[in-house]
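Structures incoming, each one as C-alpha cells.
Look at the two complexes coming up: subunit A is in both, with subunit B in one and subunit C in the other.
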Partner chain A sequence: MSTQDVVNAGGDALAARKPTGNGVFSTVADYLRGPWCIAIYTWREGIRKKTLMGFLILSLLVIFGSTFLSAFLDPSAESDMELKLIKDICVTTISIFGVLITIFISASVVPNESENKVIYTVLSKPVRRVQYLLGKFLGVQFIIIVNLALMGGLFFIALYLRQWVLPTLLLWSILLTYFEFLIISAFTFAISCAATSSVLPTIGGLFIYITGTLTEYLKDVEVRSGQSGEFFDEMIGWLAYGLRNVLPNLQHFSLKMQILDRAPNDPPTDVLIPHLMAYGLIYAVSGFIMAYLIFRRKEL
Partner chain B sequence: MKRYPHIMLFAALVASLAVGSVQGCHLRHLREAEAFYRWLLAAATHERLFRDDAGEFSDKELFDTVARKIESDIADWEVEDDQADEDVSTLSRVAGDRRHDHALWNYARGRTLKEERRRFLQLARERKLSYARDIDYAEAQAGGVNLFNLFFGFRKVAANFVWIQVDRYWHQGMMYRMIPLMKTCVLLDPNFIDAYLLGAWHLSYNATAKMPDTPPALKRWHPKYQVCLGEKELYYYLAIDFLKDGISKNPRNYKLYFDLGFAVYKNKLSDYPNAIRYLREAVRQPHDRWVPRQLYICMELNGQYAEALAGWQDYVKRFPGTDIAQEVGPRFIQRNTALIYELRAEEAFAAAAAATDPQEAEARRQEAYDYEQRAIQIWTEMKEPYAEYRLARLHALHLTEENRYMEAVAMLDKARWENPANFDDASDLMIEIKLRGGLPLSVSEKKAVLRREAGDICQGMPEDIRRQRLEEAKAAGVQHDPELLESLE
Partner chain C sequence: MANERFKSVSVIIETRDLNKIYEGALRGQDVHALKNLNLAVNSGEIFGYLGPNGSGKTTTIKMLLGLIFPTSGSIEILGTTDIAAAKVKRNIGYLPEGAYYPDFLQGEEILRYYGRLYGLAGAELNNRIDAVLELVGMTFARKRLLRGYSKGMRQRIGLAQALISDPQILILDEPTTGLDPIARKEIRDILARLRDEGKTLLISSHELLEVELISNRVGILFDGVLQTSGTLDDLLTTREVLIEVDNVSPQSIEVIEKAGFRIEDRVHQRMKLRVPEGRSTYEALELCKNQGLTLVGVMPRRETLEELFVRVIGAAEAERRKAS
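And now, the complex of A and B:
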C-alpha cells in the first residue's frame, strides 16, 4: 500500500465517521463506510501481490492445459472421458490453488501491515479496530471471490466449448468452493491477528485445511478410545468427540465434486446446498469473532 | 456488560461455535442419510437383479429388516413395468422405479428408519456391508487409512490418471496389465461410468479379438458362473462382472444396463433372455432412443414377437417424425407381424397333427394355411433379404411336408449363401431335414451335431449337474456319443 493510499484510506475512514443522515439504515451505512474503504484498498493491494498472481497464472495454465490432456486418450473410443478429465482436473486445480491463494492472502494482510507500520497510520485515524478488521476481512474475501471467478470463468468456458451446453451445475460447485474457502480464510485470518509475520499464519492455514479435511478421523479416535478403561484413555475419547463436533468439517464440501458429475441416483442436492452455505457463514462469523478477540487487546 | 466486552465477545464466540456444531450435526445427519439411501438402492438392485449370482449377499439381514419395516407403507405404490420375480421384496420393486426415488430419500433421512440407519453406520464401520464399501461417507466410518481421505478427496483426478495408463497399456497390447488397473480406477471413482463401459468393452471385445472360439471339448466347468467356459468365454463373464459392479454402484445409469444387455449378453453370448432383462432395466431409466429399439430386436430374436411388435408400434407412435419411425419401424412391424403369423401357422399345424377328429384336423390345417398365406403376403411385399430368406424357409418346410427332402435342402442351401445373416438358422434346419429324411450328413454337419450333443457338459463338471444335464438331454431326444462322453471325463 502506498503512502498516498494510506492517507486516502484514513481520510475516507474519517469521512465515514461523520453522520450522513438519520435512521438505522444510515447509521449502519455510516458505520460500514470505513470498513468498505479499507476493504477496497486491501483488495487493490492484494491483486498487486506477485505470489498471488503467480498462483493465479499457474492455475489458469493448468485449467487451460487440461483440455490438451485428453490427447493422451484413445480418440477412437466414443466416450465422455475427455469431459470428465477436464472437469476433475479443473475442480481439483481450483481447490488446490484456491486454497493456497486463500491461505496466503488471509495470512498476510494484517501481519504485513504491522511489519510495514502502515497499521499505525490507519489506526491513528478515527477507525475502530473492529472496523479495521472487518475492512481487512472483506478485502480478503473480494480477492478470493475475484480469483475464484477468474478460475471458474475459464473452467466454465472450457466446459462450454466442449459440450456446447451451459454448465450451470459448475456455478453451484464454485459457490460451495467459496464457502469452504470462507471457513479456511476466517480461521487463518484469526491466527494472523496474533502473529507478527505471515509465516506462522500460512502454516496455520495449511494445518486448518488438512485437519478440516480429516475431521472424520476423530470419529475413529473416539470409537477406539476407552478400551483400556483408564481415565486418560477415556478423556481422549471425549476430547475427540468434542473436537469432532466443534471443528469445521471440510469434507462436507465434497459435494462440490459430486455435483459436477451428477448421477441420476444421487439424492437431491437442493437440501444440502443451503445447509452448507449456512455452515460456511456460521464458522466465518466464529473465525471473525476469534480474530477480533485476539486483535482488540493486541499491543500496537 | 459494557465493562466486560471480552466476556461478551467470548460468549458470542462460544455461541457461534455451538450453532456451527449444531449445523455440522445436521449436515452429518444428511450425509449419513445419503450414504444409507445409496446403500438401500444398491442392495435393492442386487436383490432384484443379481440375487441368483454365486457369492454371499452379506447385507441381506439389514436389508430385510428395512424392507419389513416399511413394507406396509409402500405396498400400494405403483411400479412401472415391473418384471421382478414374485419372491422379491416390495422395497426392491419400489427401488427399481426411479419415480419413487424422492420418497425413498425421505425414508432414508426420516425418523421411521432411524434405528436401521444407526445400525447401517455401525455395520459400515465394522466393514460388514459389501454394498457400503464404495460409498464415500460409509467408507469413512471404517476409519484408518481409506480411499475416502486419500488424496484429500481428489481421488477422482487420480482415477483419471490411472485410466490414461490403462489406455496406454491397451495401445501396447498389454491386456493382462489393464485388468487390475481398471479395477483400481473404479475403486478410486465408483461413479466413473466410462471406465466401466470401456473396461467391459476391452474385456469382451478387444481382449478376445484374436482368440479362436474354444472347442466344446476343451471347455472347463467354472464353479463361480456355473457354466462351461474356455479362456475366451471367461473374458465375457469378467466383463459381465465388471458391468454388474458398476450397476450396483450406479443403479440409475442406463448405459451400464444397455452395455450388459446388448454388448455382452446379446452380441457375445447370444443369451437373449438375459439381454432382454437388462435392456428392459435400461429402458426404465432415463435413456437414449436406441435403447428400446435394441430391446425390441432382442425380443424378436428370443421369439417374443407379440411384445416386439407392440414395442415397435409404440415407438413409431412416440417419435412419428424421425427417420427410424418412418423407415425402420414399419419394416420391423411388418416383420414381427409375419413372424407371428408363421408361429400361429406352426401351432395350427401341430394342433391339426394332434387332433383326433378329421374335421377338426382339416379346420386347423386350413387355419394354418391361412396364417401362412398372410405371412407369405407380408414377406413378398417387403422385398428385403430377410423376407426372401423367410420365403425360402417356408417353401423348404412345405417341400419337407411333401417328403421332398433333397429339394428342401437344396432350397435352404441356396438361401443361406444368399443371406449369410441367417446362415446358422438355415444350417440347423438343413440338418434337421436331413436327419428326418435319412439323408447323409456332411462332415461339418456331423461336427455340428456332436457340438450340440456335447454343448451342455464339459470337463470338471460336478457329478450331480452332469447327471442332471444328461437326463435333460435324453428327455429332449439328444443321443450322446459314448466315446465323446468318455473323452470329456
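And now, the complex of A and C:
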C-alpha cells in the first residue's frame, strides 16, 4: 500500500461518513462537531467538581435561608427595609458565588487537562487546537449558565411567592450578570491557557473582577493622583488610567440598586441592554482570541 | 517518477534533521533533546524505537503528534508536512506514555468520546467500540468506571482508544509498561496482528525481548542522536558460531577455555561453546574431537537485540566520554 492509498482510504471513509450536500451548513456543522463533544465532556466533568458543588449549594442555602426562612419565622413582622435587606443579600450572593464559580471553572479546565495529560489523547485526534479551546470554553459557559439559572431561579421563585408579582427586573439582571461572567470567564480562560496550574488564572480572574467593578474608583484615583505632580503619583495615575481603559467596566452590568429600589416588574432603566450584551461579547471574543494566540503554539 | 510510484515500500513517517531544544528558565539550562534526527518508518512495518531513559523517544513522538513543536527540521506523515491536518490525524492512533484517562467515565463512554472526536457516530461507532473492547479483552469491564481500573486495564483501554478509528498508523509510547507477562503477550499478539493487517506501527519500548519478537526494524536513540537504525536482520550480526557438545569433563573445559573459546549454558555434561568472530570453527571442532567430546550440533549464533543495544549504547557513551 502506498502513502497515497492510505490517505485516500482515510478520505473515502470520511466521505462515506459525511452527510452530503448543504455546502456551508454541513461544513460548519462538521467543524463544530468536535468542539460540541468536548463541551459536553467538559460539562460532565465540571459538574463533578466538589468545589463547584460546594459553592453552588452554599449559595442556594443562603438564598433559600434568607428568603424563605425569614418569612416563615415571622411573616407579619416583615417591613420594607427587611425585604430590601433580603434582596440585597440574595443579589450579592448570586454575584459573589457566581463569580467564584465562574473563575474557578474557567481557570481550571485547561490546566487540569494538561496536568492529568488527558489533553494528549484529545489533541492527537483530528481536533484543531482552536476547536479544542472552543469546546472547553463552551463547556465552561454551560456550567456558568446552569449555575446562574439555578441561583437566579430560586431567588425568582422566592420573590414571586412573597409578592405575587413576576419579578421580571430580576430576569434582566440575571441576563446582564451572565454577560459580566462571560467577560470574566473569557479573560480567566485566556490566562489559564498560559499557566500550568489553576492558581495563577484564579488570581488573575479575581483581579479582573475586582478592578472591573472598581473602575469608577480608578477614575477617582487617576484624577487625584495627577494633582501633586510628583513622579510616583503620576505613575499611579497612568496605571489607573491604563487599567480603566483596558479592563472592562463591570459596574454597568449590575442592576442591584434598581432591584432594591424599584418594583419587581419595572423595566430596567438607564441601561442599554443590547449595548451591554454587545460590549460583553466583544470583550469575550477578544479574551478568546487571546486564549487562542497563547495556546496555538503551546508546548504540552 | 515511475520508479517512485512502484516502489514496494513507502515511507509513512519521516523526519528530516529534526532538532528539539527545550528552553530552560536560565541560559545554559536548555536541553538539546533531539539532534538532527532522520527517522523513517515504512508502510506496514513495526518500527521499534529504542533508547535509554531520557534519550528523546517521547519527545519525538510528541512532535509527530503536534503536541510540541520542532526547533528546526521537518516532519512528514503520509506524504504531507501539514501534520495537524484532519486527514492525517484521522489516520493516526496514539497511546501516550503512562495511562491517564478521565476516570469519572465508564470504559465504554471514554471510547465513545474519543470515537466522536474522530468523527465516528451511530451504528458505526457502536460497532467499533464493541470491536476494540473485544480486541483488547476489556468487554467484561466496559460498564465500569475508569476510577476502578487497574493499571493494566487502563493500558488496555488506552490501546482501545488508539484503535477506535481503525487508523492506518499507530504510535504507541511504551505500550506494555506495567503489564503482567500474559497481558504482554496478548498485547504483542494484537500488535503483530495489526501489522499483518497492513498497519504501520511505531512503538517505543524498553522491552528489548518483546521488540525483537515483533519488530521489523528498530532505531536506537541515545542522548538525542539516532545511533543506528535498520532491519533486525541487518543490524544483528551472525558472525559467531555455537558448538553444542556432550560428555564434557572438567579437564576438557579447562583446555577449551585456555584456547580462548567461551562456554555457555553448561548443564551436567552438556554445554555450548562459543566461537568468536575471527576464530576458526574447524579449530574448535578439532579441539573438541581431541578431548573426546560428542558433537551434538553446530549452529550460527545471532546477536540478541539486547546485545546490540548494549554494544551501541556502550560505544556511544565511550564516544561521549572521549569528547568531554
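Convention: the second predicted complex is superposed on the first by the 227 of 300 C-alpha atoms of A that agree within 3 Å, B and C clash if a C-alpha of one lies under 4 Å from a C-alpha of the other, contacts with A are read in each partner's own complex, and residues count from 1 in each chain.
Quick note on the criterion: contacts are C-beta pairs under 8 Å (C-beta built on N, C-alpha and C of every residue); 3 or more make two chains touch, one makes a residue touch a chain.
It should be emphasised that the depicted structure is a prediction, and the values quoted were computed from it without experimental measurement.
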Which of subunit B and subunit C A:Leu60 touches, first, second, both or neither: neither
First (subunit B), second (subunit C), both or neither touched by A:Tyr279: first
Partner chain(s) touched by A:Tyr120 [first = subunit B, second = subunit C, both, neither]: second
Partner chain in contact with A:Cys37 - subunit B first, subunit C second, else both or neither: second
Touching partner for A:Glu45 - first (subunit B), second (subunit C), both, neither: second
Contacts of A:Val140 with subunit B and subunit C, given as first, second, both or neither: neither
Subunit A: partner with more touched residues, subunit B or subunit C: B
Residues on subunit A lying within both footprints (that of subunit B and that of subunit C): 297
Residues of subunit B that touch subunit A when the two form their complex: 5-6, 9-10, 12-13, 16-17, 19-21, 23-28, 30-31, 33-34, 37-38, 41, 98, 101-102, 105, 108, 125, 136, 140-141, 143-144, 148-149, 152-154, 156-157, 159-160, 163-164, 167-168, 170-171, 191-194, 197-198, 201, 250-253, 285-286
Residues of subunit C defined as touching subunit A within the complex: 5, 7, 10-12, 43-44, 62, 65-69, 78-80, 84, 86-87, 89-92, 94, 96, 98, 100-102, 104-105, 113-114, 116-121, 124, 158, 161, 168-169, 198
Complex interface listing, subunit A residues touching subunit C: 1-4, 6-7, 9-11, 13-14, 17, 30, 33-34, 37-38, 41, 44-45, 48, 116-118, 120-128, 297, 299-300
Of subunit A, residues touching subunit B in the complex: 69, 72-74, 77, 79-81, 84-85, 88-89, 92, 95-96, 210, 213-214, 216-217, 219-220, 223-224, 245-246, 248-249, 251-252, 254, 257, 261, 263-265, 267-268, 271-272, 275-276, 278-279, 282-283, 285-286, 289-290, 292-293, 296-297
